[in-house]
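Paired with subunit B in one complex and with subunit C in the other, subunit A is shared by the two complexes that follow.
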Partner chain A sequence: MKLFNNKSVYLLIPALLFLLLPLYGFFAAIVQSLSGGSGWTLEYYSSLFESSRFLSAIWFSIRTTLIATILSLIIGVLITRSFYPYLEHHVPRLLVWLPMLFPHFVWGYMIILLLSETGLAAQLLVEAGVITDSSAFPIWTRDPQGIGIIITYIWKEVPFVILMLLPVYSSIKPGYYDLVETLGGSKVRQFTAVEWPAIFPVLMEIALIVFSFTISAYEVPALMGTTFPEMISVLSYEWFYGSGWEDRPMAFAAMVSLSLLILAFSAAGFSILQKKRWRAMRGRSV
Partner chain B sequence: MSKKWLLLSVILTAFLAACGNTQSNESDFSEVTEQSWSDIENAADGTTVRLFMWGGDEGINQYIDEWAAPRLKENYGITLERVPMETAEILQKLQTEKQAGKKDGTIDIIWLNGENFKNAKENELLAGSFVDMLPNFQEYYDTDDPAFQTDFGTATEGMEAPWGKVQFVFHYDQSKIETPPSSFEELKNWVEKNPGEFIYPNAEDFTGNAFLRHVLYAQDEQPSDIYEQPLDEEDISGTADKLWNYLNEMKPNLWRNGEHYPNTLTELDRLYSQGEVSMTMGYNEARAESLIDEGVFPETTRSFVMEPGSIGNTHFLSIPFNSPNSEGALTTINFMLSPEAQLAKLKPNYWGENTPISLDKLPKEMREKFESVERGESVLSQQKLEESFLPESEAGYVEWIQDQWFNEVVQQ
Partner chain C sequence: MNHTLDVQHLSKQFNHDLILSDLAFQLEKGEILSIVGPSGSGKTTLLRILAGLETPSQGSIHMYGEEITFQKANQRDISLVFQQPLLFPHMTVQENIAYGAKLAGKKNKNKTSDLLKATGLDRFKNYFPSEISGGQQQRVALARAMATEPEIILFDEPFSSLDPKLRHQIRYWVRDFLVDQSITGVFVTHDTEEAMIMGDRLALFHEGSFQQIDEAEVIHKHPANSFVADFLGGHLIVDEQHYVPLKECSLEPFNEQEVRSYHGLLQHITFQNGQAVGHIFLKDLDHQVSLPIHEHVSGEEVTLYIKESSIRTFGGSAL
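Let's look at the complex of A and B:
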């Protein structure tokens, strides 16, 4: 009974109630991916990991997502630390957050209108005489490298990174910078000694949020992606809504594998944060 | 720790158990169809009928909302609500409702054919047989037409009523191309001479898949070898090799060197309207008319078909197993099959789509009205369409092409 005497269990109840439907969905997906014609089977998972299409999709997804996440974080940190005194004011802050108002799908379309081979950017460059005709414009949307997907996500996630980082930066006491300077520390030292300990736990959380969202979201890769390689969400959608319903367990197996991958990444992230020194530092500055 | 998991699994099991029972509605539906037709029409008066259908074409939507709905209201007292949804998602919704044992659904009529019909029939998502009781079907349609008996090789068994008929055509810009290719061999040569000017949609796309089936027909000595037989991968392996060879030889000369295939027909249409490619295609012989009117396609757009022919199919209206208003659904479908409704559908101002009705069975005056409809300059003549008509193959080919195309063409 010790478990129920512990108050923290009651704190879980709202979360559990909130998670009831998603958890049920996840549970049902596991069941569907494991049930064969009669009884339980692992055949869908084994054919999944033998399918070169799935393996290249998962590799492409992880690679694209990691690039988009890391670049969003770097750009977000650079903008926040350079401009946070201005970002305290309403108008610049609203300007930075503007992309957050648009759904991902709409933002993706805007990128296509802007950067496709016949898009606005190509036409402006032709007008300006930089390139001779629009076919000389590089292929940045629906490209096999995922550039269009990465650009869309960076543009959408950087404001989110700024949103999360602003309170951290405004809580750093200016005195710390002076302290490093007085002791002869460089600009780099100011960043590593003052800012990094404060922002690292937050960066980790942002990275996990952005990574989990990006790797499993469907609309942007469906719009911006090419035929091959494809993102895992697009492949699962095709298996699920494809012509026959025989591939459906494969779609469930793929999504369950993806969920496990995200869980693994989250567990790794949290275990790093759980290390005492980060907790101690976080307690001091946030 | 174990108690928490126990609690969790009890909750989840309870949830699963609540969703496990399924019940058949067949008896209810046969009670409805046993009534006399006038009883059904009376019962439908004053009710609401929800028609779930693919909503991606403005002309089709306007035909339903502006032409059909007001007349249904006036003549039968039925309020018709059109709900736009992808057909596969409609079936998924029905499948979920079936698993959850929900006997009173929200869908009264669905619009479907081919693989969707096969999935719906196999998963028992449809109410049952009803076509033979529709007065308009009996009076104006050739009830024994094989095009109504099977749907992409699946026996319809009266579970869906023929609503329309379409045929696949290619579109080109007259001002750019003088004479379009007349066979698939010529198409390949044309693509070689005009690199980057042609592309077809992804095999997952409805239109892209139909294009690939045309190529498959063209690679076989007798297209009837394909459409008269269920899929046997060993039997057609020779033809299949030719198919992949044809596509791979064409690939380097496609738009973007065949590295990206448009995900949807809309994407291909946009490339065509921007002049990036010189041809597009579609599974509706008259669809260019409205696109020209809207200014999307150039006015010089015309259509063409190639040897060995062009594939056509019939599409249908059906009633799901848990329709809350079967009487209303039957009355509405009967109205949709009427000569008046079919004539309005054929006229190019809304939809401009061909009709499955038998012109011979119509009264003389009505027949003349059908024959005098001008479908527009971009539509091929009825005679040309009929001469080139090829039936659809079994639904299994669609899926086979999807899988194989990805392995044989994209990943090469």
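Let's look at the complex of A and C:
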């Protein structure tokens, strides 16, 4: 009976219920990816890791996602630290957060309207006489380098990075900057000793969220990407809804592999944040 | 002979407010000056200017004869200990101290361990700031300031966030530590008792300038003006020019001819150092005084007697 007297059990119930569906989905996917015609098999995984299409897709996904994530973080930090006193006012904050209100698909479409070879930017440059023909405009959407995907994600995620960092920057005591100065430190030291330790744990969490979302989301790479190389989500979708049923377990195997990759990244991230130093930073008992 | 610190005609204006007005003082090596004054009177601004965090509107600051008025804070051989310890939360006690030395380019392993021993924090060297008490944190902050080997340490009410008991202990500890290391210091506080414990000399700061700079005893015996006498306590201010030391006031009549008397109301009785102290409001002077008393009860009407011969003039001798 004691178990039920414990309040924390009741408090956990919503979280457990919430997790039930995704966990069921995940285990169902694992089962699907492991079941062959007669019992368990690793066949799909071995063919997955031999498939050059899968390998190039996963490489392209990791590379594109990492570039988008890291650039979003850098730009987000630069904007936040330059403008945070200003961003605490309503109107500037609303302007920064505006991109967050639109679905990714809409934002991707906007990037196409803006940056495709026949887009607004190209036409303006032709009008201005900077380029002679709109075909001289660089290919930034549906390009093999994933530039369009990266730009869309950066534009969408930078406001999220700012949203997360703003309270951190607001909570840094201005006295710390003076302190570093009186100890003989430069502006660089002010960043490394005062700001970086405060933002590092938050950046780590943002990086994990943005990375997990970007690498597995479908709509933007489907809209902005090419047929080869393609993002892992696009490839899985094709395998899942492809002409035959036989590729379906491959789609599950690919998604399970991706989930494991994200799990590994998250575990690594959280184990770093669990270190005594970073727990002390957050003022928790260590 | 050049002074360790020589401040001349220092003024600071924010918009149209004059915060500091034509300040001047000198410090010799190893001397500690306590600056005491009401909160919000601009003491912190003065320290920030000395530290190089702000520039003065007028005047000059020299250190050993060399002008440093417009030198940047990180170039000056001056450390500032803030009201809050401001320890880096992700660094251990030892790392915090070593970081001060590292920034000043004076990193030395022996020095860090010497400072840890001198501050009595050796046992806590691997603790994080969140694991030690407020007093210990302030000691680490002092050790970190010391690690930069400054010529002068400035203190901006460093004990004001500590509880009274801890404050008492750490005052003496810091004072002994500074004397022991013969460090020149400027100590800012709004607490007169603290100012007297910490400083060799006292500077009473009010309305942008020093009302009086001298040893505590001299200031007590010869306050320069009514502000000084009022702020330090211990005197009955008769008018803008005259005062009477409280120990020469009495609630019993004197057997002399030339005696003045004031009616007052005994508002409270408190106990200090084993002695009952009556807080009396004198309506005629619109002034409250605190006197040791016997056999009186709170709420009682009392009469305060002073001899005419006890009345003195500010900045001068007896009438």
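Methods note: the second predicted complex is superposed on the first by the 270 of 286 C-alpha atoms of A that agree within 3 Å, B and C clash if a C-alpha of one lies under 4 Å from a C-alpha of the other, contacts with A are read in each partner's own complex, and residues count from 1 in each chain.
Assume a contact is a pair of C-beta atoms (placed from the backbone, for glycine too) under 8 Å apart; a residue touches a chain by one contact, two chains touch by 3 or more.
Note that this is a predicted model, so its numbers are computed, not measured.
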| item | value |
| --- | --- |
| Simultaneous placement of subunit C and subunit B on subunit A, clash or fit | fit |
| Partner chain in contact with A:Leu23 - subunit B first, subunit C second, else both or neither | first |
| Touching partner for A:Ala222 - first (subunit B), second (subunit C), both, neither | first |
| Contacts of A:Gln123 with subunit B and subunit C, given as first, second, both or neither | neither |
| Partner chain in contact with A:Glu181 - subunit B first, subunit C second, else both or neither | second |
| Touching partner for A:Thr192 - first (subunit B), second (subunit C), both, neither | neither |
| Partner chain in contact with A:Arg142 - subunit B first, subunit C second, else both or neither | first |
| Subunit C, subunit A and subunit B - angle at the middle CA centre, rounded to the nearest 10 degrees | 160 |
| Touching partner for A:Ser82 - first (subunit B), second (subunit C), both, neither | neither |
| Distance in angstrom between the closest Cα atoms of subunit C and subunit B, superposition on A | 31 |
| Shared subunit A surface residues [contacts with subunit B and with subunit C] | none |
| Residues of subunit C that touch subunit A when the two form their complex | 48, 51-53, 72-76, 78-80, 82, 84, 86, 88-90, 99-100, 103-105, 128-131, 144-145, 148 |
| Of subunit A, residues touching subunit B in the complex | 3-4, 9, 12, 16, 20, 23-24, 27-28, 31, 52-53, 117-118, 139, 142-144, 222-223, 225-228, 238, 241-245 |
| Subunit B residues within the subunit A interface of the complex | 1, 3-4, 8, 11-12, 15-16, 86, 88-89, 92, 115, 119, 122-123, 202, 204, 256, 259-261, 263, 274, 276, 395, 398-399, 402, 406, 410-411 |
| Complex interface listing, subunit A residues touching subunit C | 173, 175-176, 178-186, 189, 193-194, 197, 276-278, 280-281, 283-286 |
